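The two complexes that follow have subunit A in common; it is paired with subunit B in the first and with subunit C in the second.
The block that comes next holds the complex of A and B.
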């Protein structure tokens, strides 16, 4: 094992050396850092060219200049790690350090969402193979898969930002739009059920009716200007979650799981008012986190309290119900901040912005206001990235699970009379997830590589945008700094994926020929 | 299904139970008082005067925080700012040319310190290589302590280390040149808060009292002169003088390091050293978020420039996103002012927005076509070692044959079609409108002398506004080629012409038009070059070249370097006594009539020699919130921001 890792690391070093050398020379030969000055008619042009030549060491041929750069990088071994300075005299390391948090903020949520949603939908799709749902899902996924991100971004900006802001100026919903939305929601819901035509129609009709009801309510009360859920709705949702999650993770026959879930929901609802006092506007994220952790710990003990044997599913239901219901409370709290956020002069009635990670004109120390601002800004790029990113997971998860479901040991499990839930959750799903490790490892390593197009379209200055700026401005050291870090992570991710793979699947022995 | 039914029922119940009837009206938008300006690249420094940080965004962001003796308006005219002070020529004899700058009394920096003549001294340090050397601040070719981008210009070559005098009352500074400077008005000093630089050098982290600041100003003044004192050598050494000199130099070195590096910040908040943010313009920097935006608020003590007549309290610069994203942001009300060089798609997008005013603009950058005559005067440079050492193409030399072939080639250049392609059709690809062709190599149309120059310079031979003119020009060209290649005809490929080519959309379109038209006169146009185009400028392997000059100021001598036989922008071996005489005359004092005559002489020679033809000025687009009044796009940096004091909702 150790020998294997050592060999892989040695290969990784060679790959890194080769790729950085090639990239350096490609960019050095392709780019022209003196371009801006070539067109200048400044009287001291010669001096400026001489200064720039000295600053960028342009008198050294690129292959040799690469080693000057490498010297700084290898200096890391003696404590003088040096990626150089950008053309604008800023430290490359500082630039990267400032871009990484932005990128992580932008990409973490969307990557996690893409993984969770993608796998969930993929699994559902596989279980209902060749059903109406499966076909709908396959169609949707291929559609999303083929969408270019910049176009998705433009659509989102148009409809979720500009049109939504316009709507908020006078929150009236067009009745035709209302009918269309309700019909679409009905179709989506109907897609999820299987069975007789009657059942499908009933589902469609109820989805249509409920959605129109909600929309009429939103329209009549101008809910969008001052939204809230209220303790009652949260309570109803909590009960719904308790039933739904019990159904998925434990089965309705497991009354203990149901009771644990309901208790968690009740606890979360009871916390509704204390929560406001515990996390006031002057609070910070640590307080919110602490309250949530306490809530989860309590839920764990609730689950623990309700079980005697087979604790897993019960505790899972209890914790998930507590978590999701508490999230609704948080959402409700944010909704109640919406009105004051929207009427703030900095926001000026148009809350959804199309560029930037924050509204820099907003002057407030209100924790909820800042959180809301941050969420409003991260929403569009997150939706765009998730839409485009999750399709792959749906396809992989579906294919992988189907393959496992056809295996002999699954037939055995079914033959010995296990419930379908047990077969899928306990026997099939776990093995089906193994091939996805590679994908997940790559995507997580890819987070730090940034999203070049998305960042540029939405005005987020992360690693992708740094890379883009470096190319546009012929900033070789900046380019190499970002490239070195992303390629390092990519190489490490492959290694990690291989190691995790063997840990998850004992059939695979790494290092053996 | 069950769940959704339950939820729906609950929602309906809730609405019945009492939330219904709650009615809210949309937020009434108060009058806006902030203007958000889009910048395509991010802020990298609050000091745009070093070579590395001299970028449009940096200049734009700090422009509203500074005022000086003059500024450029949107017509490219230099406007005197009499609220700040006055400047005039005080001596003009052979070998001695002096300009005196006087600051109005009672003006204050944003920290309350008086603005005095001492604040003008730094400009000399930043532009004089002689001073830098004498004061021990380093050779300006290799990392001087003040890493300024102003060394090497006419100021540097015509002043000495001791060329600046401060008056006894501290409010006037006199700059002494060794000869008359036609562009003297733009060479002069600008104010810098030297008290803050001294405080920074002393490691201070907070604003100092007005009294301390006054003493720091004197410290700076003393150091400025002491650092270049002649204290004698050997037995004549004045030790006290030398000690003072050493101390002064040490202080200036510290100040230099601070000036060069301390302002390279992109985050400004309450913990930022306020000494870095001192302003004498209408606004001061109050908050910047790294790579996101920079916010400027009113400077309460501002009274040294045009009065702020609008109700704009805050100017925000937003950056770090694409031009297309900026257009959408303009539509969403996040951006109020946009100035750029967009594509037809973005232009159409901008045009379609209601509440947004979109105008096309003409920039100072102009496209021109040059022909090689011989080896560049700056050859060989480090990039040309793989180039042939002599130029042997069809245009080489000053023989009648070479001149005729050059003239023939220039005659084939479809200047009108190129202008149409890059201006009218840039905004609307189906446009058939005629765009403005640039007809002078020295002047832009805004200049009063332009029309007269065009009439008699000989450029009229190369005008092809109508199809008939176009056909006639090509026929003339073919006739000239036939003199030396009797078999020449359309498509005969008799003369091979290689164009240095930069692979971008603009040049691809232009080169295609040029090649097509030239082929009709028997030229075979091929291309060379790669992305590293600028490193090949002096290479003898090409015959013709289309590119742009991007002037950053309006000056009488600014074009000389392009055509002088020893000019740094003369990459083509052009050498003509008439042109050299004319450009040297431009460096002296000329009346308006003499000036026109000089330009005319130079241009006549250029077109007679068939060196170069101007093509067109680059087009730009500005778009802004229609509620914002007095937005006036301007061709020179700081472009659209130049009259921020007039902006108003």
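The block that comes next holds the complex of A and C.
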């Protein structure tokens, strides 16, 4: 195993040398940094050209110049790591260091959402193979596969930002739109139930009724201007989550799971008022994280002590209920900041922004205001990236689970009388998820690579935008700095995926013929 | 692969009832006929195929074919009366009308002429990338998987290396270095770097197929390596190849339009669907049609190709069977009932 890893790392290093070399030379031939000066009419043109030549070492041919760059990078081994300076004489390392947090903020949520949503929907689609739901999902996935992200991004800007901001100026919902939205929600809900036509119709009707009720309430109370959930709604949602998650993960016969879930929900609701005191406006992200972690730990012990045998599903239900209900509390807290955020002069009633990661005019130290501001900015690019990213997961999760469900050991599991829930959750899903490791590893490694197109449309200055700018301005050092980091991560992700894969699947032995 | 087949055999023997129905559909048909028939049952795929054929003919005949260099151009004018350079005399905001079904752009150029030209170029780039990528991927994967050993090791590391080269850089080099023949050069160079995924798939397929008995039989009969690769193994792997080439096609139209959107793909004076979107995205509020048309067309092209790919996958996959409905069982029961 160690020998295998050593060999793979050695190969990876060679690939990295090769690809940085080629990239360096490609970029060197992709433009002429002297071109702008050659056309200039400045009197000291000759001097400027000589200066730039010296600064960028243009007198050295690109293949040789690559080794000058490499010398700086390899200097890292003796403590002089040097990625050089950009054409504006700023340190490349600093540029990257300031771009990385932006990119991580942009891509983390969308990557996690894409993975979670994609796998969940894929699994549902596979369980309901050949149902209406499955066909609709397949069509949706193909549609999303075919979407050019730059086009979606512009549409989102138009409809979710500009139109939504217009709506907030005068929050009145058109009754026709209300009916259409309620009907669509009904159709989506009805798609998830199976069974007789009557059952489907009842689901549709109740979905329609509840949604229109909520929309009328939102419209009449001008909820969008001053939204909140309140402890009562959170409590109802918590109980609903406890029942729903128990049904999915443990089955209604498992009363212990249900009681553990209900206890977690109750704890989360009890925390509603203390939460405000624990994470005040002067708090920071670490405090919020700490409170959430304590909550999850408590939920774990709730699950742990509620049952003696088969703790897994009970703990899962209890943790998930606690997590989701606490998230609702956080959302509620953010909603209560909404009004003061909206009326802030820097925002001026148009909260959803289409450019950049934050509102630079906003002067506040209120933790919740800052969080809300960054959420409002990250929302649109996250939606765009999730839409485009999650379709692959749906497809792979569905295909992989269907493949596993056809296997003999699943037939055995069913034959010995296990409930379908047990067959899928305990026997099929675990094996079906193994092939997804590769995808997940690549996507997580890709987080730092940035998203060139999305960053460009939404005006974020992350790694993707650095790369784009570097190519456009002929900035070789900047380009190589970003490229070296992203390609290093990509190569490492391949290696990590192979190792994790073999750890998860004992049938695969790496390093052995 | 072999073990999967075995499992299927085991499975088939346990579900005789279902198989009797499924087998009846394929009785007495050749492999090609079965595949064609399965493909025809996949309605979205057939719709996608028909759409692609008519759409391509429509777009190419509308704006004609413009090839060659600046000095000796090959121009065949299509049936659409306007070209991408004709400034029309119409007045107003340029809303879509009968004379200009897709409206006019701010310079009063006919937008249908621009869009059809863009679609034409995007389709051409897509086909070149897909074709070249498919060809190279098949060859690389076939050689790598068939010979194995150090050849395989070297070729797969080479593949890993090619994967790391970003397409945007290739676009930048072509945009700067190559003048007039930009679109062709761009398509060919992108094609030269797009074969990696396919090569891995084909390699995997060859690795398992070369262990099969029919390959041993061919070798014993004295067939050369070349003959075994092309006559024996390749036909068995063709399903995987065709399906991934269709997916590669759908992916490459998104790559090309994405690059063009960023300014690294098709360069002016040529137009592509991506450059059109880039050019008119700010006009959304005043002239939304300028933004909608190219995007919708990209989606239609990619969507129909994806559906064709899905249909082909179902058609080629021997494990995939049409779902047997309760109705079929009833029919079967009715048929087998004596005296009826």
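In the analysis below, the second predicted complex is superposed on the first by the 513 of 513 C-alpha atoms of A that agree within 3 Å, B and C clash if a C-alpha of one lies under 4 Å from a C-alpha of the other, contacts with A are read in each partner's own complex, and residues count from 1 in each chain.
In this text, a residue touches a chain if its C-beta (ideal position, glycine included) is under 8 Å from a C-beta of that chain, and two chains touch if they have at least 3 such contacts.
Predicted, not measured: the structure shown is a model, and the values here were computed from it.
Once subunit A is used to superpose the two complexes, subunit B occupies space that clashes with subunit C. Within the superposed three-chain arrangement, the count of touched residues of subunit A is higher for B, of the candidates subunit B and subunit C.
Look at A:7: by the touch rule set out above, it reaches neither subunit B nor subunit C.
In the overlay built on the shared chain, the residue A:354 is in contact with subunit B alone; subunit C does not reach it. Of the two partner chains placed by superposition, only subunit B is touched by A:41; subunit C is not. Once the two complexes are overlaid on the shared chain, A:213 sits against subunit B while remaining clear of subunit C.
By the touch criterion defined above, A:456 reaches both subunit B and subunit C.
When the shared chain is aligned, no partner comes close enough to touch A:430: not subunit B, not subunit C. Once the two complexes are laid over each other on the shared chain, residue contacts for A:154 go to subunit B and to subunit C alike. Residue contacts after overlaying the shared chain place A:26 against subunit C, while subunit B stays out of touching range. Once both structures are laid onto chain A, the subunit B stretch out of 152-160, 422-430, 584-592 or 620-628 that overlaps subunit C is 422-430. Taken together, the two structures place residues 29-32, 154, 158, 456 of subunit A in contact with subunit B in one case and with subunit C in the other.
The touching residues of subunit A, when paired with subunit C in their complex, are 11, 14-16, 18-19, 22-23, 26-27, 29-32, 130, 138-139, 142-143, 145-151, 154-155, 158, 406-408, 452-453, 456, 467-468, 471-472, 483, 487, 490-491, 494. Residues of subunit C touching subunit A in their complex: 7, 10-11, 44, 157, 160-161, 163-166, 168-170, 172-173, 175-177, 250, 254, 257-258, 261-264, 274, 277-278, 281, 284-285, 291, 294-295, 298-299, 301-303, 306-307, 310, 319, 323. Residue ranges on subunit A touching subunit B, taken from their complex, read 29-32, 34-35, 37-48, 50-55, 58-59, 86-90, 98-99, 102, 154, 157-158, 161-162, 165, 168-171, 189, 193, 202-203, 206-207, 209-210, 213-214, 217, 220-222, 225-226, 230, 232-233, 236-237, 239-240, 243-244, 339, 342-343, 345, 348-350, 352-358, 360-361, 456-461, 465, 469, 473. Those residues of subunit B that touch subunit A in the complex are listed here as 1-8, 10-15, 17, 19-27, 29-30, 32, 34, 41-42, 44-45, 50-53, 55, 140-143, 149-154, 156, 261, 264, 266, 287, 289-293, 295, 314, 316, 318, 320-322, 324-326, 328-329, 331-335, 365, 382, 530-535, 537, 547-552, 555, 557-559, 561-562, 568-569.
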